[in-house]
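Naming follows writing order (A, B, C, D and E), and every chain is counted from residue 1.
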Amino acid sequence: SGQSSVPEKRTEFNIGWSIYAGWMPWPYAQQAGIVKKWADKYGLKINFVQVNDYVESVNQYTAGKFDGVTVTNMDALTIPAAGGKDTSAIIVGDYSNGNDGVLIKGGDTLSAIKGKSVNLVELSVSHYLLARALSTVGMSLTDVKTVNTSDADIVAAFASADSSAAVAWNPQLSVMKGQAGAREVFSSAQIPGEILDLLVVDTATIKANPNLGKALAGIWYETLALMKQQDAKGKEARAAMAKLAGATPESFDSQLSTTYLYSDPKAAVTATASPEIMTNMKRVRDFSFSKGLFKGAASADAVGMSFPGNKTLGDAQRVTLRFDSSFMQYAADGKL
Amino acid sequence: MRWVNRQPKRGDRLLLGALPIVALLILYLVLAAQRHTLNPLDKILPLPGAMVSGMSALLLQPDQLSGQIVFWADTLASLQRLGLGLAISTLIALVLGLVLGVLPPVRATLGPLVTGIAVIPPIALLPILFIALGLGETAKITLIVVGITPVMVRDIVAHVAALPREQIVKAQTLGANSWQIMIRVALPQAMPRLLQAMRLALGPAWVFLISAEAIASDVGLGYRIFLVRRYLSMDVIIPYVAWIALLAIAMDVALTQASRRGFAWAHGAAH
Amino acid sequence: MRWVNRQPKRGDRLLLGALPIVALLILYLVLAAQRHTLNPLDKILPLPGAMVSGMSALLLQPDQLSGQIVFWADTLASLQRLGLGLAISTLIALVLGLVLGVLPPVRATLGPLVTGIAVIPPIALLPILFIALGLGETAKITLIVVGITPVMVRDIVAHVAALPREQIVKAQTLGANSWQIMIRVALPQAMPRLLQAMRLALGPAWVFLISAEAIASDVGLGYRIFLVRRYLSMDVIIPYVAWIALLAIAMDVALTQASRRGFAWAHGAAH
Amino acid sequence: MSALLSLKDLWVEYGDKVVLERVNLEVAAGSFVSVVGPSGAGKSSLLRVVLGQEQPTRGSILLDGTPLAPECGPDRGVVFQRYSVFPHLTALRNVVMGLELEQAPFSARLFGSARRAARDRAAEMLGAVGLGHSLDLYPAEMSGGMQQRLAIAQALIKRPRILLLDEPFGALDPGIRADMHALITRLWRDYSLTIIMVTHDIKEAFQLGTRVLALDKRRHDPHAPHRFGATAVYDLALTKREEPSVDTGPETTLVTREDAA
Amino acid sequence: MSALLSLKDLWVEYGDKVVLERVNLEVAAGSFVSVVGPSGAGKSSLLRVVLGQEQPTRGSILLDGTPLAPECGPDRGVVFQRYSVFPHLTALRNVVMGLELEQAPFSARLFGSARRAARDRAAEMLGAVGLGHSLDLYPAEMSGGMQQRLAIAQALIKRPRILLLDEPFGALDPGIRADMHALITRLWRDYSLTIIMVTHDIKEAFQLGTRVLALDKRRHDPHAPHRFGATAVYDLALTKREEPSVDTGPETTLVTREDAA
C-alpha cells in the first residue's frame, strides 16, 4: 500500500481518524454498522483506526500506513502534499465556523494581544488563524510571541497564570472559554471556509479502487443525515459521538453549532468547485510557504493543487493535492 | 540512642510511612477546598465528591460497544502492555547484562551501542517507531521496552562486572568456562539486582506506557487520561493517577517480597 | 583463552565499540537508499544530502526574530534546562540518599513517599504542575527533576543502606555520631554511585526535557523536534536526535572520567 | 577489683540455633581477657554482643553497673576478625579519622595545627604497627597483614576503655607479631585499658592475658548440634610473677577458678 | 625430579613499587613448598602470579616446560588469604559446584544419581573439615573459621595438580588445625598433589613442607622502601626421616641450598 505502490485493486482499507467534532461521524458510523453496510455493498472491508494524536495520524498516512485520513486543508497541503504524496480530498466534510478561536485573558479586543505571548500549536491551523486575525487589525505575527503548546496540554497551560493568550480548537476551545477572565476575540466564524476539514485518500489507491470513494461518500452522507435529525434517533447518534469524543452531549452539541457541516452533498460539491476555495487555499498556501513548510521550495508555487474543472494552483506538473468532488457528486446525484 | 541505630519496629514502620502520605492528602484537601471557596467551578483540584461522580460513569456503566466497564477495560489493557513490556525488558536486561558483564570483549563491542541507545530519547523517534511497527500493541510495547531496557541493561552490566574478581578466578580454578561462570556465578548474584532494577524501572515504564497510549490507542489508563485532559477533567485524571500509583506500589512490594523470599542470602546482613 | 579473561586493549576497545555503530549507520543508509529508489520524495528515512540541506537553514541562517542561529539557540536552551534539572536532582538525590540511607527512622518515614512519587507518572499530572509553577522554565526544570529524582534517590538509598554494617559500627567505635557517619562514611562512598546514577539518569532526563519542551516552549532541541514532527521532517529530526545522543554520550564519558579520577579507590580492582 | 563489665545469663541465638547459652562473666577494669575456643563456638558473637553491635536474645550486659545501651560507642574499640577498614581512605586518613571525629563534631575534619598534630599522632601509630612507609596506600593496595595492622592502629589510637580484638594478629608473621604484642602490652599498661582478645594461639593467649577464657559447648547432641550453645568452660586467672616480657614469654601461675556458668 | 613449575627471573611491580624482583624458582612435581616471609613481602602476589590471576611485569612461568597461559584453570586450585566462597550458595552447594562444573559443561548442574554421588562426595569432604553439621548454612551465617574451612573443602575436592594455599589455617583453633594438617597431608600423599602454601606459622611450615622458601627484601633503601622488591632469600629442602607424623611434628634435617636468586 501507500505512496510507493503501483495502482492495484484491493478490498481492505485502513482509514485513520482522530477526535474532532467534524470527524466524529466516522467512528460513529463504524459503531452503528453504517460502515459495514456500505463496505459490504461494494465488497470491501474498511477499518477506521483511532489515533489519539492528530499529527501522528497524518504522519502515518504520509508514511503509507493508512489509505486515508481525516485532516484539515492546511495540514493536507503541508504534510502529505508537500512531502510529495499525491493526495485526493474526496470529502469536504465541514468548515470551522467558530470551532477555532483566539482567546485572551484580561482584555476585550484583539488589539490587546499586542506584545503578549500566545500559546498555540505552531504551524497548525491555529497559527494560520492567528495570522489572519492579526491581519484584520493591521498587525502581523511579529507583534506577538508564539509559544508552541501541545494540543493535549493547552487547556491546562491556559489555566496557568503565565498564559494570557492562546489559540485553540474544539473541544479544548470550549473548555478554555469557560475559564475565568477568558474572552474570545476572534474566531474562525470570521473567516468562513478557510479552515476545512477533509477526508483525504491516496490518489493512486482511489484511482485503482473508485469503489472505496463511493463507499466512503455513502457512509458519510447517511451518517450526517442521521445526526442532523432532530428526533430521538438523531439525539442518540449525537450522544454516542459525544461519548466517543469523551465529551458530554451538551458540549458536543455546542461544538457542532460552530461546525458548518456540509450535510447536503450538493452544497459540498458547489463549495469545492467555487472560486472561493481557490482563494482560500492560496491564502493557506502562502502562509505555509512563508513559515517554511514547503521544505526547500523556491516559491509557493512548488506544490501544485488541482480543483474540479481542471483548474490548478501552483506547479501544474507537480500536483499533489487534488480536490476531487466526483464522489460527493455521486452522492448528490443519488448514484451510490 | 543514635538515629543511625534506631530500627523502627514493623508496626511503627507502617505508621511512620503512612504519615507523610496522609499529610499530603490533607494538604490536597485544604488546597482544593480553598480553590473551591474562591471558584466553586474550579476544575484543577476537584473535591472528593467530584471525583466520585466523575469516576462513577467509568466504574459503573458498561461501554455500549464492548459491554465492558471502561475502568476495568483500561486497567486490563494497560497492565497487559506494561507487563509484556516489563517482561521483555527484564529478559533482555538479564541476558545482555550477563553476557556484557561477564565477557569483556562483548562489553567492549556492545557497551558503547547500549550507551548510545540509552541516551537517545525514544519519544523523539516516535514517528519512526510507529511507522516501522504500526499503531498496534507492538509499537506501544516496543516504546516501553526501548525506554526502560537500556538503563536496566547498564545497571546489570555494572553490577555483574563489579563482582569480586576472586569469585571469577575461583570459579575458573573449579573448572568453569565462560558460560558456566555466566550461569552459575553471575546469574544467581544478578537476580536480586535485577529485581531491584525492575523496581526502579516501574516508574519510567508507566511514563512510556502513558506516552504510547497518548498517541495511538483506544483503550488504556493513559489513553483515558489524555482523552479527558482535553476537558481538564481532573476529577477523572486524579483518581486514575492514584490508581496507577497504587498498582505500581503493589508491584513494587511484590518485587521486594520476591527478592527477600527468593534470595534471602542477599538480604541477611553478613558480618 | 577463555572469553571472560580476554581484556581488549585500549585501541581495540575503541575499534570494537565503533563496529556495531558503524554497522547501524550503514544499515540505515542502505534502507534509506532503497526507499528512495522506490520513492525519490520519501521523507521517512532521508538521505544524508537531505539532512545536510535540512539542517543548513538551522545551522547557517540566523533567526529573523532573535538574530541567533537556531541550532545553537536550541542547544543552549536545552542544555541549560537539562543541566539545571540534573544538578538539582543530583543534589536532592545525594541529600535524601544519605539521610534516608543512614537513618532508618527517616527511611521508614519517607521511603514509602519516595516510592509513591517514583511510580506516579509526572506527565499525567501536568495540569497541576502548570497551575503551581506556570509555564516557564521552572515548570520544565521541575518536570525533569520530578521525573528523574525518585529513581536516583532510591538508588542512592539502597546503596548507602547496603554499606557493610561493620563500617557503621566501626565508625561509631571511633566516636562518630549519625551526622559524622553521614558525611565521613556514607557520603564519600556514595559519590561514585551518585555519578553512576547520574549516568543512568541521563537518558530519562532527556526524555523528560523533550516532553517538557513539547508541551509549551519556543526554543530548545525538543521544541524543534516536536515542531517539525508535524511535517515529518525527519531530515531535521534525525540530525537533532543524533546531536542529542552525541551530547549525552559526551556527558556520559565525562561522568565516567570524573568517577575514575575522583574516586580511584572505587575502581581499582581490590584483591 | 570492680567489675567493669558483667554479663548476666547471656544467650545468643540465630533462629533456632543456640550459639551461646547461659554465659555469666565479670570482667574487671584493667584486665586482659584472652578468649579461646573451637571455630564456630561463638567467640566473635560474644564480642559483637559486648560491642553493642548485636543484641543478646536473653540476659543483660552491665557496664559500670548500668545496662549497656544497645549501640556501640567510643568507649569500646574493635578490631574485627575480617579486619575491615574504610576502603575510601588511605592508611593515614583511616587512622586520623578517629581523632577528627572526636575533635570536630560538626565538620568531622581538622584544620591547621590540630590537623598537623592529628596526622603526626596517626603517623606515629602507623609507624608503631610497621606501616610508616605505607601512609598513602589505600586498603585495596595493601597486603592482608598490612590491612590487619591498619585496623589495629585505627582502634588503638582512640585508646578506648574496652578494646575488643578478634584474632588481631592472625595474619602476621612472627616478627611483626612480637612487635605488636609489645605494642599492645605497652598501651594496655600505660593507659590501663581493658582488653578482650579472641585468639587461636594458646601461647599468645597465656602470654598476653591476665585471664584466659575458653568457650565451648558443655553439652552436645550429635543429631541436633544446634540445640546447645557454648559457654565459658574454663576460666583461668593468671597471676603474672613479673611484668610480662614479650620476648621470652610470660611466666605465669594458673589459678583455675570455679566454672563461670 | 622433574620441574613441574619454573619461574624465571620474575618481577612483580605495582606502578613504581617493586614487590618481587628476580625470583627464580623450580618446583618439582609432588613437592610441598611452604612460603614464609614478613607481611607485605609479596607472598600473596607470588601465588596470584602462579595462579594466573595476575601477570608478572617481567619474567616467565613455565608449567611442564611450556609457558603458562595467562589465565587460571582447574589444574591449579586456590584458597585465598581472605577466604572467599560464593555468597549465594550454601556450604554443600559451594563444594558440589566444583564437581558440577566438571561433569556438566553445559547445564553446570547434575541430576539423578550423578547428583547424589556428587553431594555425597561433597558432604564427606565437608565432614572432613568439620562442617558436617553445617551443610545448609550460607557463608554469611558462618563464623570466620568455618568460612575458611569451607574454602579449603571447595579447593580440595577438585584435587588440582597444583594447590595454592594462602594462610589457609590462619583462623583455626589448634584442634581443628591439627585435623586439617592431617587431611592435607593425606590428600597430598594419596593424590600426589603439588602444594605451595603461604603461612606465618614457622612450625607449620616445617612440619608440612618438603621445602621452605623465605621471601624477603635483600636490599633495602630506607628512604624509598618501594625501590626494591623481595625475592627468595632462603630456600631449604627438608628431607623427612620418616612419614610426617602430624601429631608430634616432623623430624627433619635441613639442607640449606644455594640462594635461589
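As a convention for this text, a residue touches a chain if its C-beta (ideal position, glycine included) is under 8 Å from a C-beta of that chain, and two chains touch if they have at least 3 such contacts.
Chain by chain, the UniProt names read as follows: B, C = NitT/TauT family transport system permease protein; D, E = NitT/TauT family transport system ATP-binding protein.
If you're wondering where the values come from, they're calculated on a predicted model, not measured in any experiment.
> Looking at the contacts, which chains touch chain A and chain E alike?
Chains in contact with chain A as well as chain E: B, C.
> Identify the chains adjacent to both chain A and chain D in the sense defined at the top.
B, C
> Can you give the shortest number of steps from chain A to chain B, where adjacent chains in the path must touch?
1
> Call it same or different for chain D and chain E: same when shared residue numbers make up over half of all numbers used at their interface.
same
> Superimpose the Cα trace of chain B on the Cα trace of chain C, which carries the same sequence, then give the rotation angle to the nearest 5°.
180
> I'd like the Å distance between the centres of chain C and chain E, where a centre is the mean of that chain's Cα atoms.
Averaging C-alpha atoms per chain gives centres 47 Å apart.
> Taking the mean of the CA coordinates per chain, how far is chain D from chain E in Å?
It comes to 29 Å between the two C-alpha centres.
> Note the residues in chain C that touch 2 or more other chains, in rising order.
Answer for chain C, listing residues that touch two or more other chains: 2, 5, 44, 127, 131, 164-166, 172, 177, 214, 229, 232, 269-271.
> Of all the residues in chain E, which ones touch at least 2 other chains?
Each of 44, 53, 71, 82, 141 in chain E touches at least two other chains.
> Hey, what residues on chain A touch two or more of the other chains?
59, 63, 153, 155-156, 159
> Following the definition at the start, I'd like every touching pair of chains, please.
By the stated definition, chains touch in these pairs: A-B, A-C, B-C, B-D, B-E, C-D, C-E, D-E.
> Name, in rising order, each residue of chain D that touches chain C in their complex.
Its residues touching chain C are 51, 53, 71-74, 76-78, 80, 82, 84-89, 97-98, 100-102, 105-106, 108, 138-141, 154-155, 158, 160.
> Given the complex with chain B, which residues does chain C contribute to the contact?
Against chain B, the touching part of chain C is residues 2-8, 12-13, 16-21, 24, 44, 102-106, 108-113, 115-116, 118-125, 127-128, 131, 147, 150-151, 154-155, 158, 164-166, 168, 172, 177-178, 181, 196, 199-200, 202-204, 206-207, 209-211, 214, 222, 225, 229, 232, 234, 237, 240-241, 244-245, 248-249, 252, 269-271.
> Sort out for me which residues of chain C touch chain A in the complex.
35, 38-44, 53-54, 57, 65, 126-127, 130-131, 133-136, 214-218, 223, 226-227, 229-233, 235
> Can you list the residues on chain C that touch chain D in the complex?
164-167, 169-177, 179-180, 183-185, 188-189, 263-266, 268-271
> What residues of chain B sit close enough to touch chain D in their complex?
Residues 1-2, 5, 271 of chain B touch chain D in their complex.
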